[in-house]
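Heads up, there are several structures right after this.
Below, chain A partners chain B and then partners chain C, in two separate complexes.
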Partner chain A sequence: MQQLQNLIAGFNVSSCEPYKQCWIKAKLTTQDDLISLATALKANGLTSLITVSPTDFPDDNRLELNYFFEDLLTRRNAWIKVDIPRELDACQIPSLTPLFPSVNWHEREAFSTFGVRFIGHPALEDIFISEDFIGKFPFRKGFDWQAHEANLIENMACIVRGFEREHAINDARMGKGSHTTLNWGPTHPASGPLRLRVEVNGEDIISVKPDVGYVWRGLEHLVEGKDFVGALVAIERICFMDNTNAMICYAQAVEEIAGKPITPFASMMRVMLGEIGRVVSHLMGIGGFFNTMGLVTLQMWALDVREYFLDVLEDYSGARIATASIEPGGVRYPLKLALLVTLEAAIAKYEATRSEFYAIFINNPTMQSRATVVGIITPEMVLNNGLCGVVARASGVKTDIRLDEPYAAYDKINMTYMLAEQGSAKNRFEVLFKEVDQSMDILKQAIADLRRGIESGEYRPEKDAMVRIPKKLPDGEAVSRVEWSRGELMMHLVTRKSDETPYRLKIKAPSVNHTMMLETLLAGKTLSDIPLVFGSLYICQGDLDR
Partner chain B sequence: MLLHIIQKMFRVVRALRQPRLATQDVRHHAVHLSANYRGQHTVDHEVCTGCDICADICPVNAITMLKLPFKRRNTVPEVNLATCIYCGLCEDVCPTKPEKAIKLSGGRFDILTGGSHADQESFWLRANIPQSYIDSRLAEEEAARVKKEMEAKKKEALAAEEARLAAEAEHAQPVASGAEGEKS
Partner chain C sequence: MLKILDFFNYAQSESPWIVHFCSGCCSLEMAAATGPRYDWERYGYMQTPTPRQADVMIITGLVSKKILPALLRTFAQMPEPSYVLAIGACAYDGGPYNESVSVIKNMTEILPADAFVAGCPPKPEAIITGLDIIKEKMRKGEPSAASQGGLWKQMNF
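And now, the complex of A and B:
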């Protein structure tokens, strides 16, 4: 770490200090140094540039860009800030995409929403936002949303015209041999709201260009209109599959700025709820993988087990999917001991079904031979493309935020990295399954700890659930990371003194980088590989588009 | 051909005589129902203080406050059930004790609306306050107002009495001070 700090301090920086246990936070005085600093960081092993997050300060007439560099292997990360002018003409900075392919779509996103022009980007096109927002840069402060919404009909017509334009181009290409453009999605049974423009020659794929943004809700902007507690309902809607861990991430950022640590009881509750969220999500992902291969039985079985875990969430919070159960300051409701019994019943249900899952699906010879040869991701691809979570671990890269930068009460939990070697679609599916087993183990540890703590009087389940967080936070910013079910979820929260709402929240979600990989993985393969590779990457459009 | 048709008819008649499997209206039975299930709200207008906090925190602005013809505690929440996302923050912030004036937990899960457009438009939890309550509150306020007026009158009379006494005292003052002056 010291070496990394010295390295960064060697450039024109106005500040350079350690932040939390594995970050160096620095601010560049000029954007001229950005490329040389990034090159030096990459040479030092920080090969993943996971996102770039602009923050708009109209009062100072500047945009602040935050770059987050990560080294997945040695857990050394760098958070580099640099100011650029706010005027649209001057709002530009050298692109880092040629150096770090992982930041490609993130730079495009910053361009679409803030109007930052990245000089040297290979294809700086709009992404995520719908046609009617192009050129308007909606996340800048002072964008008039109400005036925009007033032209609802025209906006929709604008979106339709965009599709018609593309349709005309595809039509013109038709009829020239077997070369054509195929739309995979957005209504394909396996695609979810996402469309792959697949250029095919007969059955062979020439290129894949994902069209994303079908469920873009502008969540990062929505939270700016809500107070710190009300923002929860926007954040938990990143993805319905795993909703608790996203709230943990946000709550941690708020608590850090407020300077209020939560109680040990609430931390352990967060472990429990977070793991329930992970199990619920994984059980759906497992089913989705086989679904894309045309076998829906596993989905039905997995959803059946999932219901038992949803019962636990309902008993705790009163809702099954959108639980809103974790607030800044702790967990929202006190714990009743009967809940632990329900949870144990759910675990027992899973364990009773587990052997059947293994016998019929995981050791399934057809799946084994089909899925071992497609969608192979090497460890180098993981490091260079900012992949994370199950996808990274299936390629043998040891990354898991629960172990790398333990949050909540994960430091009390006994666990290891769940790894596989080859990085094929089959490996990803296996790691997914192993992680469900691991989560069951963590849940048992959490239950035992909660029981012990309550019996010995260390935890007070009624009083310890929440710590009071003030309505207004001081000036500050925080970066918070959690291991979400799909991978690393990072939030960058900026607050302003005497504001009752977040000033800026950037959500870095794992599916963006995973979707970016589709093009590399599918080029040169055949059409029948698309569902399998897509299904194994465990993509959720909710967190892809936000 | 004819045999075929007769066979089919026979099958249909037999099927019609079979007992229907779906004999239970599952809209009103939950497989799993928690005691704290966040369902349809109940608003207790007698407990509600009309403080507006629930409408303030609502992240989707589903709550509007209905104005009541009173001087104090004169608003009560109404919820647009179609907009509401059932997050329960309104219940969390409600300051009344021990019973919350607005409650979702333990509420109905079978929130059903009719199929017509008009049904959708009027899919609201209205305050629905009985006239007797309004009358009693108005009477209460009237009584309070009368009482206050009486008190004010009494006070006025008292003040007038005091003023009169003070004036009398002032009248007597020079003598007293004169006497004092002599003493010193």
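And now, the complex of A and C:
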């Protein structure tokens, strides 16, 4: 870490200091140094630039760009800030995409929403935002949403015109042999709200270009209109498959700025709720994987087991999916010991079904032969493309935020990295299964710890659930990371004194980089491989678009 | 003659096929409704990948501006009578995304629903209850609400 700090301090920086366990936070005085600093960081092993987050300060007439560099192998990360002018003409900075392919779509996102022009980006097109927002940069402070909203019919027509233009181009291309462009989604049963423009020659894929933004809700902007607790409504809806871990991530950022640590009891509750969220999501993912291969049976079995875990969430919070159970300051409700019994029943249900899962599906010869040859991701691809979570671990890369930068009470939990080697679709499926097993183990440890703590009087479930967080936070900013079910979820929260709402929240969600990989993974394959590769990447459109 | 037509309505109502279209997060609870615990196939509901064979379309919560043309196009491809079930608060007034400008907040005006299920997301039992209302409509041979009106007829998609 010291070496990294010295390296960064060698550039024109106005500040350079360690931040949390594994970050160096620095601010460049001028953007001229950005490329040389990024090159030096890359040479030092920080190969993933996971996102770029602009923050708009109209009072100072500047946009602050936050770059987050990560080294997945040695856990040294760098958070580099740099100011650029706010005027649209001068709002530009050299692009880092040629150096770090992982930041490609993130730069496009910053361009679409804030109007930052990245000089040297290979294809700086709009992304996520719908056609009617193009050129309007909606996340800038002072953008008049109401005025935009007033023209709904015209906005819709604008979106339709965009589709029509594209159809016209596709139509013009038709009729030259078997060369054509297919739309895979958004109405395909396996796709969800996402569209792949697949250019094919007969069955063979020439190129794949994802079209995303079908569930773009502008969540990052939405939270700016809510108070710190009310923002949870938007946060937990990033993706409903695993909503507890997203809330943990946000709550941690708020607590850090408020300077209020939570109680050990609440930390352990977060581990428990987080793991339930992970199991619920993984079971959906497991079912979805086989579903895309045309086998519905596993999904039915997985859904059956999943219901038992949803029962636990329902017992705890009253809702099966939108639990809103974790808020800044701890967990929302106290714990009744009967809940642990319900949870134990759910774990027993999984363990009773587990051997059948393995016998019929994991060792399934069709799956073995079909899924080992497609969608292979090498460790180099993981490091260069900012992949994370299950996808990274299936390629043998040791990354797991629960171990790398332990949060909540994960430092008390005994666990290891769940790895596979080849990085094929089958490996990702196996890692998903192994992680469900691992979560069961973590849940058992959490149950034992909660029981012991409550019996010994160390935890007071009524009093320790929440710590009061003030309504207004001081000036500050925080970066919070959690291991979400699909991979690393990172939030960058900026607050301003006497504001009751977040000033800026950037959400870095794992599915963005995973969707970006589809272009590489599917080129040269056949049409029938699309659902399998897509299913194995465990993509959720909710966190892709936000 | 009347009796025979009644029989067709009855037969259709006992096996409504639902077009497989997902525009928002409520589709997660729809998946749960297909699962073993709730199992909507007990009542004859089934998902079909193509709108050409579907009787019912479910608006699964959130409809963003970008997906609306695709949703209306899918709906227009369904044979008459094409019923619409709207589930989730978003499908009524934008729900938790009421302040978001990329989300459609007057879905019921654009594509009027035959039944609306409240919740965020609604529980699977509630979704099945909503489908039962549509089943009743089918049995009586009532026309669908969307065929009676709605902004979708004036929209270009």
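Definition applied: the second predicted complex is superposed on the first by the 546 of 546 C-alpha atoms of A that agree within 3 Å, B and C clash if a C-alpha of one lies under 4 Å from a C-alpha of the other, contacts with A are read in each partner's own complex, and residues count from 1 in each chain.
We adopt the following convention: a residue touches a chain if its C-beta (ideal position, glycine included) is under 8 Å from a C-beta of that chain, and two chains touch if they have at least 3 such contacts.
All of these numbers come straight from a predicted model, not from anything done at the bench.
Q: Regarding the shared-chain residue A:229, is it in contact with chain B (first), chain C (second), both, or neither?
A: In the superposition, A:229 contacts chain B only.
Q: Taking the superposition on A as described, I'd like to know which of chain B and chain C A:332 touches: first, second, both or neither.
A: After superposition on chain A, A:332 lies in contact with chain B alone.
Q: Let me test your reading of the model: by the given contact rule, A:121 touches which partner, first (chain B), second (chain C), both or neither?
A: Neither partner.
Q: Please indicate which partner A:318 is in contact with in the superposed arrangement: first for chain B, second for chain C, both, or neither.
A: Touch status of A:318: first partner only.
Q: Which of the two, chain B or chain C, is in touch with more residues of chain A?
A: Touched residues of chain A are more numerous for C.
Q: For A:492 in the superposed arrangement: first (chain B), second (chain C), both or neither?
A: neither
Q: Intersection of chain A residues contacting chain B with those contacting chain C?
A: Touching chain B in the first complex and chain C in the second, residues 233-234, 307, 322 of chain A appear in both lists.
Q: Can you check the complex and tell me which residues of chain B touch chain A?
A: Chain B reaches chain A through residues 32, 34, 36-38, 57-60, 85-89, 92, 104-105.
Q: Taking the complex as given, what residues does chain A use to touch chain B?
A: 226-227, 229-234, 307, 311, 314-315, 317-319, 322, 324, 332-333
Q: Give the list of chain A residues in touch with chain C in this complex.
A: Going through chain A, the ones touching chain C are 129-133, 138, 145, 148-149, 153, 155-157, 159-160, 163, 186-189, 192-193, 213-219, 221-222, 225, 233-234, 237, 239-241, 284, 299-301, 303-304, 306-307, 310, 320-322, 542.
Q: For the complex, give me every residue of chain C touching chain A.
A: Residue list for chain C touching chain A: 20-25, 27-29, 31-32, 34-37, 47, 49, 51, 62, 64-70, 74, 96-97, 99-103, 120-121, 123, 155-157.
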